[in-house]
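The first chain written gets the first letter, and so on, giving A, B, C and D; residue counts start at 1 in each chain.
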Amino acid sequence: MARPRKPIDSAMGWSTSDAITVRGKDLPSELLGHVNFGDMAFLEVMGRLPDDHESAVFNSLLVTLVEHGMTPSAIAARLTYLGAPESIQGAVAAGILGVGSVFVGTTEGAARTLTAHITRESDPTEVPEIAAKVVSEARRSGKPIAGIGHPVHKPVDPRVPRLFAIAEEHGLRGNYVALMEAIGVEASNQYERVLPVNATGAIGALLCELGFDIRVARGLGAMARAVGLVGHIAEEMDKPMALELWYRVEDEVVERHVGTES
Amino acid sequence: MARPRKPIDSAMGWSTSDAITVRGKDLPSELLGHVNFGDMAFLEVMGRLPDDHESAVFNSLLVTLVEHGMTPSAIAARLTYLGAPESIQGAVAAGILGVGSVFVGTTEGAARTLTAHITRESDPTEVPEIAAKVVSEARRSGKPIAGIGHPVHKPVDPRVPRLFAIAEEHGLRGNYVALMEAIGVEASNQYERVLPVNATGAIGALLCELGFDIRVARGLGAMARAVGLVGHIAEEMDKPMALELWYRVEDEVVERHVGTES
Amino acid sequence: MARPRKPIDSAMGWSTSDAITVRGKDLPSELLGHVNFGDMAFLEVMGRLPDDHESAVFNSLLVTLVEHGMTPSAIAARLTYLGAPESIQGAVAAGILGVGSVFVGTTEGAARTLTAHITRESDPTEVPEIAAKVVSEARRSGKPIAGIGHPVHKPVDPRVPRLFAIAEEHGLRGNYVALMEAIGVEASNQYERVLPVNATGAIGALLCELGFDIRVARGLGAMARAVGLVGHIAEEMDKPMALELWYRVEDEVVERHVGTES
Amino acid sequence: MARPRKPIDSAMGWSTSDAITVRGKDLPSELLGHVNFGDMAFLEVMGRLPDDHESAVFNSLLVTLVEHGMTPSAIAARLTYLGAPESIQGAVAAGILGVGSVFVGTTEGAARTLTAHITRESDPTEVPEIAAKVVSEARRSGKPIAGIGHPVHKPVDPRVPRLFAIAEEHGLRGNYVALMEAIGVEASNQYERVLPVNATGAIGALLCELGFDIRVARGLGAMARAVGLVGHIAEEMDKPMALELWYRVEDEVVERHVGTES
């Protein structure tokens, strides 16, 4: 029954007694001291180092994704740490597991919309018409437009103009950013309310500008969130909230069912 | 039964309609475009931004931790992706769960040894004597010395001199690095074989130099590995190995028990 | 900005000083010694205890899902245990993360097909016609039929007749099982090759017979696999394979890139 | 550099075209319809089926571990489901990651204390003296005694007498249970307050009676909790609390730092 064997291969990295190679680079002499953590992430996923412009935009994008305050994911990590303090990796992993379709999926969705309608080489004058079409289609199908609208940040998500300005400064504000912005304008017009491009929309557009495979978008969210989660766990060590949160939930449920007498 | 309520608080970050604050900084104007992904990690964990010297050393340390080729953790992430490609976060989480006591625990162990015997203010001339004591105690107890020795990298782990050179260049080569190096020399002498400081020992020493709480060492390993795991998953998408690996293991077990006829 | 508060409630369970209630039952007097682990799983998910017939079928279904030999999920759990033996929960979790759309998704898919076309009250004589329609539609769309066909078990998946016989014995072989079987027959006819109902198809049908919400199908897979994974980890403790597996993969990659000399 | 190859083997299970073997048993004919889910768990971990007595005690023990109401682990699973509803396995895994040293570790600890001081063959009349020694040592070292005391269940944890009665009924109330009970009595005497044996202590003792390797205790906790977590996720699908919980935490933190005006 044994199936024919195929080779197993990887270009990620390997070691010999005196050398450590990562993605074709000599780690000690070509990477250490030369690249920052964000550049290393770019190298890992893209297989090549970013140039200075790509580095600036990509690092900004990752920095944006790191910390969002008391998210469900951060709370889950803290609750996990409460039960298993011997295993910080478990608390980080629990938090990462919440980085799914609801919170990071829209970055993917926005990038998918953009790449479905435009390329780097498209004629920029077509952008407004495409945006109108995207919004009309969304209205017809009744589906939300990924990357548009924010419950808190109105009329502007303050991250978006900053990210787009950084992209412009580094020559990476192209058709994808233009279409994302045009969709925001068009959506606000057609729906007659403020529907700004949000951070996931901006990041989706920048990932397209940088040439990333959309399928790894959620992975980039996971790696950035891993950084933020370690921050939350470090805070939880010194200023814990998980125990209090647990007690509140448990007490509220118990009181409802058995009263406060018990 | 309800327990007295305590406040829930966090200094990690929060948003209002027009502002996003992370660790006391305004994200759009003070962080985006100003700090790299490694600096952001420093800010998250330490609560303050690194200076340029700390940034250089900390980024190098994280870059070192990102990629180690085909580790058990990377293989586990790829196998998980095979079964649940809809959930990249799950594959990343599975890989992070292997970043435990065996592979990252020695960084903690090395840092613990160093902080137990020396401080930033200790007299550097005492270092050799302390190193001799640490090694003698380890020999007596029969326990390995964390951060010393490597199965592949002999006589030198090529990451270590580079990391220590970067620390020196940035004024962060202090007592902890000195003691780590002295322990390596002393161990090689007492055990009469080559026992170089390895990367986990070097990183443990640098974390002490940077003033990190040892308890978050494993968290830093987890965040850096998250980056590397996304790289492996991106490679797995295009050049998969998990299916072949599964078939090999399954076929080997089946053949042993039922033969190749079945 | 604070949003209006809503109550938090749950009917899962609570404790007072002298009583422990689970899903409305007194745990010590009504559950311990009266129900088995599978019945308890039924109670947790359905909110009521199974009768004897439901218990027999549901326990069989869970038993079927526990162990599948050297799956990617079991291998991932073992590799995770290698790196973090202090955290068995981490190894179990890593294995569960591979129980996703590829391996368990077909149970959901099969159940969804069945409930989309038939109900408990449907006229059984309509079953063959419905089956023909399901298979024709699948052929037209070129999509596989969930729950049909198996790479190894031909011409019959030996679990399927046994599971259906148990269902029959307990009066739970109804329209869903009939339709699943009819789809198998029809598929074999239309595709002119042996396409038996496989275990995921059988389990999908039985979950429908038992009245489970399809959305929890993957959860049942996860709980059963958790049991199997603990078995694998227990074996790994005494008869490890993860280290050898890691070395094989790493050596194969290193040899390909740097040769065997190094 | 390639290391010498070793065989990879496992006795967990394998398939051929017409047979499925699990732990040496033919799954369809010897297990399905013959064993319940708890017996299957016993088979997986012990490598043999339980007899009727062992089955009764082991199933009771697992049933006890399934549901504990609104634990940190259940809350973490619900929060994870909120962010990644496409991945139920991720929510289950996140919940399992909290089953660590704090909540399940005491079962291990209790079992370790018992096996360190007594065997199945020890003279039962020695039990009181051993108990006195265990408690005296604990008092001297200032360490808590695993398996003793409960914050809510006083003067008796209602699960404990029931579990011990089931063990007695099935001839499995031996030296380990006797010592656990004696430690409870002795602790209450020496500390002069009510210190009942709690459920983790009872389960630790029963695992010893059943002959389990202590190292898998946490694994049994994880598998039982997996069942309970699927129950919580099923409830969350219909009666969610995670969103409200998130909003409460976020609002409390935001209000503290920026006031309610924003």
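The rule is short, and it goes like this: a contact is a pair of C-beta atoms (placed from the backbone, for glycine too) under 8 Å apart; a residue touches a chain by one contact, two chains touch by 3 or more.
Because the structure is a prediction, the values reported are computed rather than measured.
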Seminar exercise, completed: Taking shared numbers over all numbers used, above half giving same and below half different, the chain A and chain B interface sides are same
Problem set entry | Farthest-lying chain, centroid of Cα atoms versus that of chain D | A
Exercise. Per the centroid of Cα atoms for each chain, what is the distance between chain A and chain B, given in Å?
Worked result: 22
For this session: Please compute the C-alpha centroid of chain B, do the same for chain C, then give the distance between them in whole Å.
Result: 36
Problem set entry | chain A residues counted as touching two or more neighbouring chains | 1, 7-10, 14-17, 69-70, 84, 86-87, 89-90, 93-94, 97-100, 152, 241, 245, 249-250, 253-254, 262
Exercise. Which residues of chain C touch chain B in the complex?
Worked result: 1, 16-17, 69-73, 75-76, 79-80, 82-87, 90-91, 93-94, 97-103, 241-242, 245-246, 249-250, 253-254
Seminar exercise, completed: Counting only contacts in the complex, chain A reaches chain B at residues 1-3, 5-20, 22-23, 27-29, 31-33, 35-41, 43-45, 55-56, 59-60, 62-64, 66-70, 74, 87-90, 92-94, 96-100, 104, 152-154, 156, 158-159, 161-163, 165-166, 169, 213, 215-216, 218-224, 226-235, 237, 239, 241, 244-245, 247-248, 251, 254-255, 260, 262
For this session: Mind listing the chain C positions that touch chain A in their complex?
Result: 1, 7-10, 14-17, 21, 84, 86-87, 89-90, 93, 97, 152, 249-250, 252-254, 256-258, 262
